[in-house]
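Here come two complexes built around subunit A, the first alongside subunit B, the second alongside subunit C.
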Partner chain A sequence: MSELARSARVVRALGARSIRQTFRRPQLISPIVVFPTLLLAVQTGGAGAGIELPGFPPVQSFLQFMLAGSMMQSMMLAGNSGGIAFAVDIEMGFTDRLFAAPIPRFAIVLGRLAGTAALGLFASLWFLAIGLIFGAEIAGGVPGALLAILLVTASALAVGGIGAAIALRTGSASVVQGLFPLVLVVLFLSSAFFPQELMIEPAKTIAEYNPLSFIVEGVREPIISGIDATQTLEAVAAIAGIVILGLVLSARALRHRLRVG
Partner chain B sequence: MEAASVTAAVPGWRINLATILALVTRAKNELVRVPGAAIPGVLAPTIFFLGLNGVFGGLIHLSGFDTDSYESFIVPVSMLQGAGFTGAAAGVNLARDYEQGWVDRLLVSPAPRWVLLTGNVLAASLRAFVPATFVLAIAFLIGARWPGLDGLLVCYLMVAAMAAVAACWGSMLALHYKSQSAAPLMQAGMMGLVLLTPAYAPLELLQPWLQKVAEVNPVTQVIEAARQGFVGSVTWSDTWPGLLALAALLAVLGALALREMRRTNV
Partner chain C sequence: MPAIEVEGLERAFGEVLAVRGIDLRVEEGEIYGFLGPNGAGKTTTVRMLTTLLLPSGGRASVAGHDVVAEARQVRASIGVALQEAALDPLMTGRELIRLQATLQGLPPAAGRERADALLDRVGLPAAADRRVGGYSGGMKRRLDLAAALVHEPSVLFLDEPTTGLDPVSRKTIWEEVRALNEDGTTVFLTTQYLEEADQLADNVGIIDSGRIVAEGTPETLKAEVGNPHVELLVAEGAVAAAERACAELGRLLPPKDGRRVLVEVEEGAAAIPRVVRALDEAGVAVESLELVRPTLDDVFVDKTGHHLEKEEGGSDEEPVPA
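After this line comes the complex of A and B, so read on.
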């Protein structure tokens, strides 16, 4: 068996393990599914009248507008949950055993990220299904839905990289868990839940430069009006930037972990 | 023999009170000795407050919104949310205590079950003042309206009682599942109860389905009572429904938590 095929098997096995781990532990799955779904319901019901505000982009309903934000929230929390699970593996010595095994080290991180990306895929499908069940239309049709799914999955992979890097660097589940409020801050300071033009300062200005806003808009556009090349490219560029950051941080953290044991 | 006669001489209610105070002190010690553990409980409602204000602050321009300050409108919700998180955390801590064997030791003591539950619930009520005060301070800093002394007192009373309700809910689940894995259920239950109300906008501006849910959700009355000083004046007619709702919630969830406690390790 070639080196590449063997690495792919390791990534697949570790990815499948991380997905099973998430679905077996309520602490890991509920931030990805329960909380974003609850918040989607509450915000759609509570702030739905906001679409009547002057300056709100034309949308079929607030639910249609909110779907991208909920996918982003779920994806970010999937990255955080993935980081927590990875740190638990380090604390319990499972990662040390993997380091001692004759497998490439990058496959260990990539396996975890594959699992996180799969959870991102699940999140996008979950929220698209909720949207369709409750009457939201996908303006971009099937290609638009596929684009949204692809962007959310890639974002989960990107954000998971940062979570994995922090887990590798600190080796502490509680430190990674402590990032949960930061995830909320990044979300609120983006256009995930409301149009950036209608937000209040300083959130409005911060949201303008927050990379998450570019990704949200890239996911939202195919849902509310159709595929837009500029928005898509901006989202891809933002995701690529986070992927590179995650890879650099993960590589450095992995070296650190191998050094300190 | 002598010790037994001394114990017999002390009235039962004093022993129970001392046990409750000891449990409250233990919870306070946790807060003082591991202050970092309280940070997430303080940060989460603060971030929600600032985030919701920044994101949905423009909603006040909708006709039907009877206040010009969204921070004043939303701050009682965040304080109650903090109380909900604190109460749920009391449940998580109880589950942790069970996993570590501490609850077993309490259960073999001669203290009545209701005393053990009261200690946990009362501690949560007191701890809820920490996030509530922090959120309120931030709200005043960014321009929330002073609710008046009466408005502030009513709001804090609602916060303390809401934390007690959440602690009963958390304790019930902790004793039923006997595992910290039930934590998301404790938190999600409280989050749903607090947010499925006119939390983000007045009742008339909610979507029809949420309006119906909010009308039957008892926490709506609690939110309205806690909010009244921030958006207008305090009246008895806006206060008593909140008190009644909390009393009912405490009675029901307290009875259920006590039932779980009586069933534990029997």
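After this line comes the complex of A and C, so read on.
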């Protein structure tokens, strides 16, 4: 077996473990599924009239508008949960088992990210299903839905890289868990739940430059109006930036952990 | 070629020197007992030898490979069961062994076969599909041992494999370690239990405060400390008579209390009939008689001035990075 094929097998096995771990630990899966679903229900039920506001983008329903935001929330919490689970592995010594194996050590990080990406995939499918069940249309059709799924999955991988880097650097699940409020702040300072055009300063400017807004719009556009090349490219660029940042931070944190033991 | 060779190995955590330039050599097929109290530097040494921690100085090779320059080759040659069995409580035993087989590069079919065989070997076939979180301490240790053996390593590192286990589970682990060693596996075993090192190890290294203070076979080390002695418990008022009767047989050692007489005997058990005859002839009634041999704790006391057991105010933990 070639080195690459062997590493791919390890990444797949660790990714599968990561997914199993998430579904077997309620405190990891509930923020990814339950919390965003409840928020979606509350917001669509209570703020649905918002679509009548002047300047609100043309949408079929508030649920249709909200789907991208819920996917983003779920994806970001998946990244945070992945970081927590990684930190728990470090705390209980499980990563020592992995570090003592004859595998490229970055495969350990990639395995964790593969699991987080799979959870992103799950989140996008979950919210698309909810949207379709409750009457939201996917304006971009099957290609639009596939594009949204792809972008959410890739975003989960990107955000997971940041979570993994923090877990490796601190080795503390409580520190990673403590980032939960920050995740929400970043999310609410984007266009995830409210159109950028209707925000007031300084939130409007922050949302304008928040990379998450680019990703949200890239996911939302195929749902509410159809695939738009510019917005798709902006989303891909934002994801690529976060992926690079996450991988660089993870690599540095991994070196630090191996140096200090 | 030695299985493990260490020269001047050091590890510092900030200002604290946890391992202070140790040398040791473990031959192939040997069980090496690395004995020392909590915080002595055992785990830090094992982490360096298993490539989990970079040394601050010195060098070490395992299975013929340098632990820094050829870390990957070292990892392919060793099995590791670290302190506090590092197991995922949410995985089943079978899942864990199969994952370990994948990490070690075994093809899927071979990994499945090996997992079944190892779970049988450590007596866990019935629990194989249960989550590890529900296992007892002994079961976890056996599973950890099985995971370390999945690729049939030539050198096995066991870091305090029986700490916290009940006597029955401890004996089970000992039997498994002996069986592995009989199959040719070199075993590097850290322990804070004297009996464990005495029972299992061909050679023992005693570490204290990051330095190896004694090394050799358990018998040699104990022989260096002194001869065995006979400990007599006699009736009150008979101590002087007992001491007079035994004075010719060996050196009298300082008594522990007012009813005990301690006589050093070079020939060990062979001296007991002579002691009994001498006491009988002197008309001394003996309540109990015991031949006491030096222990590794005596060796430890001799080399360090304190007992192996945790001392008051001492730290349980080895230094860790901030």
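By definition in this document, the second predicted complex is superposed on the first by the 261 of 261 C-alpha atoms of A that agree within 3 Å, B and C clash if a C-alpha of one lies under 4 Å from a C-alpha of the other, contacts with A are read in each partner's own complex, and residues count from 1 in each chain.
What we mean here is this: a contact is a pair of C-beta atoms (placed from the backbone, for glycine too) under 8 Å apart; a residue touches a chain by one contact, two chains touch by 3 or more.
Keep in mind that this is a model prediction, so the values were computed, not measured.
Asks: Would you check which partner chain A:92 touches, where first means subunit B only, second means subunit C only, and both and neither mean what they say?
Replies: Second partner only, subunit C.
Asks: For A:101, using the defined touch cut-off, is the partner it touches subunit B, subunit C, both, or neither? Pick first, second, both or neither.
Replies: A:101: touches subunit C, not subunit B.
Asks: Quick check on the superposed pair: does A:185 touch subunit B, subunit C, both, or neither? Answer first, second, both or neither.
Replies: first
Asks: For A:50, is the partner it touches subunit B (first), subunit C (second), both, or none of the two (neither)?
Replies: After superposition on chain A, A:50 lies in contact with subunit B alone.
Asks: Based on the superposed arrangement, let me know which partner A:139 touches: subunit B (first), subunit C (second), both, or neither?
Replies: neither
Asks: Does subunit A have more residues touched by subunit B or by subunit C?
Replies: B
Asks: Of the two partner chains, subunit B (first) and subunit C (second), which one does A:251 touch, if any: first, second, both, or neither?
Replies: neither
Asks: A:25 in the overlay: touching subunit B, subunit C, both, or neither? Say first, second, both or neither.
Replies: Touch status of A:25: both partners.
Asks: For A:130 in the superposed arrangement: first (subunit B), second (subunit C), both or neither?
Replies: A:130 contacts neither subunit B nor subunit C.
Asks: Show me the subunit A residues, by the header's touch rule, that subunit B contacts in one structure and subunit C contacts in the other.
Replies: 25
Asks: Give every residue of subunit C touching subunit A within the complex, in rising order.
Replies: Answer in residue numbers: 13, 44, 47, 50-54, 72-73, 75-76, 78, 80, 82-84, 86-88, 90-91, 95, 99-100, 102-105, 107, 131, 147, 320-321.
Asks: Residue numbers of subunit A touching subunit C in their complex, please.
Replies: Residues in contact with subunit C: 1, 6, 9-10, 13-14, 17, 20-21, 24-25, 89, 92-94, 96-103, 258-261.
Asks: Can you list the subunit B residues touching subunit A in their complex?
Replies: For subunit B paired with subunit A, touching residues are 39-40, 43-44, 47-48, 50-59, 61-62, 64, 70, 180-185, 188, 191-192, 195-196, 198-201, 205-207, 209-210, 213.
Asks: Which positions of subunit A touch subunit B when the two form their complex?
Replies: For this pair, the touching residues of subunit A are 25-27, 30-31, 34-35, 38-39, 41-50, 52-53, 178, 180-181, 184-185, 187-189, 193-194, 198-200, 202-204.
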